[in-house]
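Two complexes come next, and they have one chain in common, chain A, joined by chain B in the first and chain C in the second.
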Partner chain A sequence: MISFIIFFFFAAVAVIFAAMVVLHRNPVVGALSLVASFFALAVMYVLLEAPFLAALQVIVYAGAIMVLFLFVIMLLNLQHQAEPHTRPVQQFLGYTSSAAFGLALIYYLAKFGVTKLPEGVFVADARTVGIRMFEAYIFPFEMVSILLLAAIVGALILSGRTGISSTQGSPSASVPSTKMPPATPASTHSEEVR
Partner chain B sequence: MIPTHWFLILSAILFTIGVCGVLTRRNGITIFMCIELMVNAVNLTFVAYARQFHQIHGLIFVFFIMAIAAAEAAVGLAIFISLFHHRHTIDVDEANLMRW
Partner chain C sequence: MHGIDWVDVGLSGLKIAVVLGAMLNVTPIMVWVERRGSALIQDRPGPNRVGPFGLFQSFADALKFILKEDMLPAKANKVLYTIAPMFGLIPALTTIAVVPWGRPFLLPGGRLFEPIIANVNIGILLIFALASMGVYGIVMAGWASANKYSLLGGIRASAQMISYELSLTLAAVSVLMSAGSLSLVDVVWRQTGSFVLFNAIKLPAWNIFSPAMWIAFVVFFVSAFAETNRLPFDFAEADAELVAGYHTEYSSMKFALFFMSEYMAMATMSALITTLFLGGWDIPWYNEPPNALGFALSVLAFVAKVSVLLFVFVWVRWTVPRLKYDLLMKLGWKVFLPLAVINIVIVALFIAKRWI
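Let's turn to the complex of A and B:
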């Protein structure tokens, strides 16, 4: 009984703050509402007996990704730029088509979704997930790590103000002697690019 | 214990809000946040079905989706910073260099 109350309260929180992301015109308010919505989703993961993923949701999404969003919003100083209003035809078509899509989705979920409760206990703590991940999913895990490295390099190249050619000639000048020890070829390359 | 289809319906509502935001807003970063909202709705579906069928693969997929969303956020925000440097706006209607 208490879990139903928790479910409905946090479902309402998630939906209201998600709607705030769409409806509010200030992107900082939108980002903070999205953080609140992600916290409510972490509560949903706890209710679904996945506490490890709830912790990951709070740490990775609410802690890392949304802080990145907030940094970029404040770096670009977007508050002083009023967002122009959307064209009425785009607004009308967007709202009606997404409402139709959502109603169809909920209708088919209510009609064909699974309704019986799962039997037995489902253990999904960090130990179980970790053992399965490092046995069966070790290759995708390594692929994801390479993807993250590529994303870091891509973000550095895309957001750098100076071009590659300006630092190409003098690599020694562009590598300041900061905390990096005598670097491996890969890290010197990324420093050069930046 | 809460039935699975309630979580699925909540996930459908969140996904629809995300679709609505992508279709009606013009601020690039807001559109990006709505994409994150849709990714989270799909994550909720994965976790709900993982509990329903006692499959731990769904949780591992959610882990990978979170890592990929982090990479996507890094690259996408870098693209918006670059766009802001060139156009001094992040209105996606202004980014029409490759339209015609």
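Let's turn to the complex of A and C:
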């Protein structure tokens, strides 16, 4: 009975704050709402007797990823920017696609049922998750690592650090990376931060 | 559903009351220690008028906080500005719940009394999860104040916390590997007793004395300063550069809440360092009897270790100057992170060779 009340309370919290993420005009408030939503989701994991997953949910999503999001939003100082005007076509497409997705979700949940739980005892402690991840799912795990590594290398190249160093070797103006003089990124950066 | 065990509920309530009381009293005591300690280090008297040795100075400070005008900046986001100080306080108050602070013993009724509020098997993860929430209080305060210095403080805090949380967590992984458990109770039990180092010296089996943990201890200890925003890593407030950083616009009790959460976070961090590396409640070269006496002695040992660490926090603050911000980031990402990862490999080697 108590877990029932807790479930509905935190389900409501998760849904309300998830709606806030989409509906609120201010990106910082949106990001903070997402944190609250993730936190409520972590409570769901506790109710499913998977406290390990709950802790990971909070550490990884609410604690690490969202702090980075906030960092970027605050660094770009987005709150002073006027919301770009949206065209009616964009609004129409946005509303219809999200409504279609919502209807599909409700249809499949109603069709397959939300009351069916997997059989057997559900174990999700650190040991079980670790053994599963490094035995049965070792290949996807390694693939994700490679994907992350590629993303890091890509971010480093895009951030222009290699571009600037390459211009020192070749003074030709036809190289795309030399289009931006090295002084420009520094000056725009300091202006954004103010 | 089985019935409610009222004795258990009562004991839990008692434990919560004791720990919360201790945590809330950390702030006034530490403010006094900080002010007198800084005076001692800078060769001046410090506050010595109110009460013996100026001990009641904290009461005067608290009274002043309550009586000051509570100001709200005109352009501030009112909701976030108000909840930010509370948000900082929650992790500081809750994380201590999973730290064991004494040796368990049997009560007269045959009931086992465990001096820990919540003995959960994911203890350390819970601490990191809740501690990572603490940064939102600072970030929210910095952003909601609508002040450029506050905003800079908030941005710095988020970057710094992310960087040092990684090395902090990875340094703790070494300890958890040797204990083979995520529960802090197991971590402490693993450190009771003694071992012989290099066939020569008999030492308590604390993690700090194990050669596999030396790097992890240094990384964890220094990262703890960054995580609690204390000098030499207090870039979120950096009073020489940012006025007072994220709490520039705060006054009265809202400011006092930031103040309190900083000292409580220090106390929690000291308790965590004690538990992970300094043997928790274990008394060196002494086998605590499993009764009320052993319990009392072990609690005293725990409090003594935490107090020493808290004093080290003060000592370092008034001795070491603030780093440059780029040095802080370099230290975090290019020194501590690789060192913490290397230490995990070292601990794995030690475990494989059965040296620990």
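Couple of notes before you dig in:
Basically, the second predicted complex is superposed on the first by the 136 of 194 C-alpha atoms of A that agree within 3 Å, B and C clash if a C-alpha of one lies under 4 Å from a C-alpha of the other, contacts with A are read in each partner's own complex, and residues count from 1 in each chain.
In this section, contacts are C-beta pairs under 8 Å (C-beta built on N, C-alpha and C of every residue); 3 or more make two chains touch, one makes a residue touch a chain.
Remember, it's a predicted structure, so these values are computed and weren't measured experimentally.
In the superposed model, A:S97 makes contact with chain B only, not with chain C.
Once the two structures are superposed, chain B and chain C can be ranked by residues of chain A touched, with B on top.
In the superposed model, A:A64 lies in contact with both chain B and chain C. In the overlay built on the shared chain, the residue A:A126 is in contact with chain C alone; chain B does not reach it. Once chain A of one complex is fitted onto chain A of the other, the partner contacts of A:I138 are absent, as it touches neither chain B nor chain C. Of the two partner chains placed by the overlay, neither chain B nor chain C lies in contact with A:I16.
Of the two partner chains placed by superposition, only chain C is touched by A:V29; chain B is not. Residue contacts after overlaying the shared chain place A:F38 against chain B, while chain C stays out of touching range. When the two complexes are overlaid on their common chain A, residue A:M74 makes contact with chain C while staying clear of chain B. Residue contacts after overlaying the shared chain place A:F52 against chain B and chain C alike.
Common to the chain B and chain C interfaces on chain A are residues 52, 56, 64, 68, 75.
Chain C meets chain A in the complex at residues 77, 80, 120-122, 125-126, 128-130, 132-133, 135-136, 139-140, 142-143, 148, 151-152, 154-155, 158-159, 161-162, 165, 169, 182. Residue ranges of chain A in contact with chain C, taken from their complex: 26, 28-29, 32, 35, 39, 42, 51-52, 54-56, 58-59, 62-64, 67-68, 70-71, 74-75, 77, 125-126, 193-194.
For chain B in complex with chain A, the touching residues are 1-10, 12-21, 23-27, 29-30, 32-34, 36-37, 40, 43-44, 47-48, 50-54, 56-57, 59-60, 62-64, 66-75, 77-82, 84-85, 89-91. Residues 3-4, 7, 11, 14-15, 18-19, 21-22, 27, 30-31, 34, 37-38, 41, 44-45, 47-50, 52-53, 56-57, 60-61, 64-65, 68-69, 72-73, 75-76, 78, 81, 83-84, 86, 90-91, 93-95, 97-99, 101-102, 105-106, 109-110, 113-115, 117-118, 120, 122, 124, 128-129, 132-133, 137, 140, 144, 147-148, 150-152, 154-156, 158-159, 161 of chain A touch chain B in their complex.
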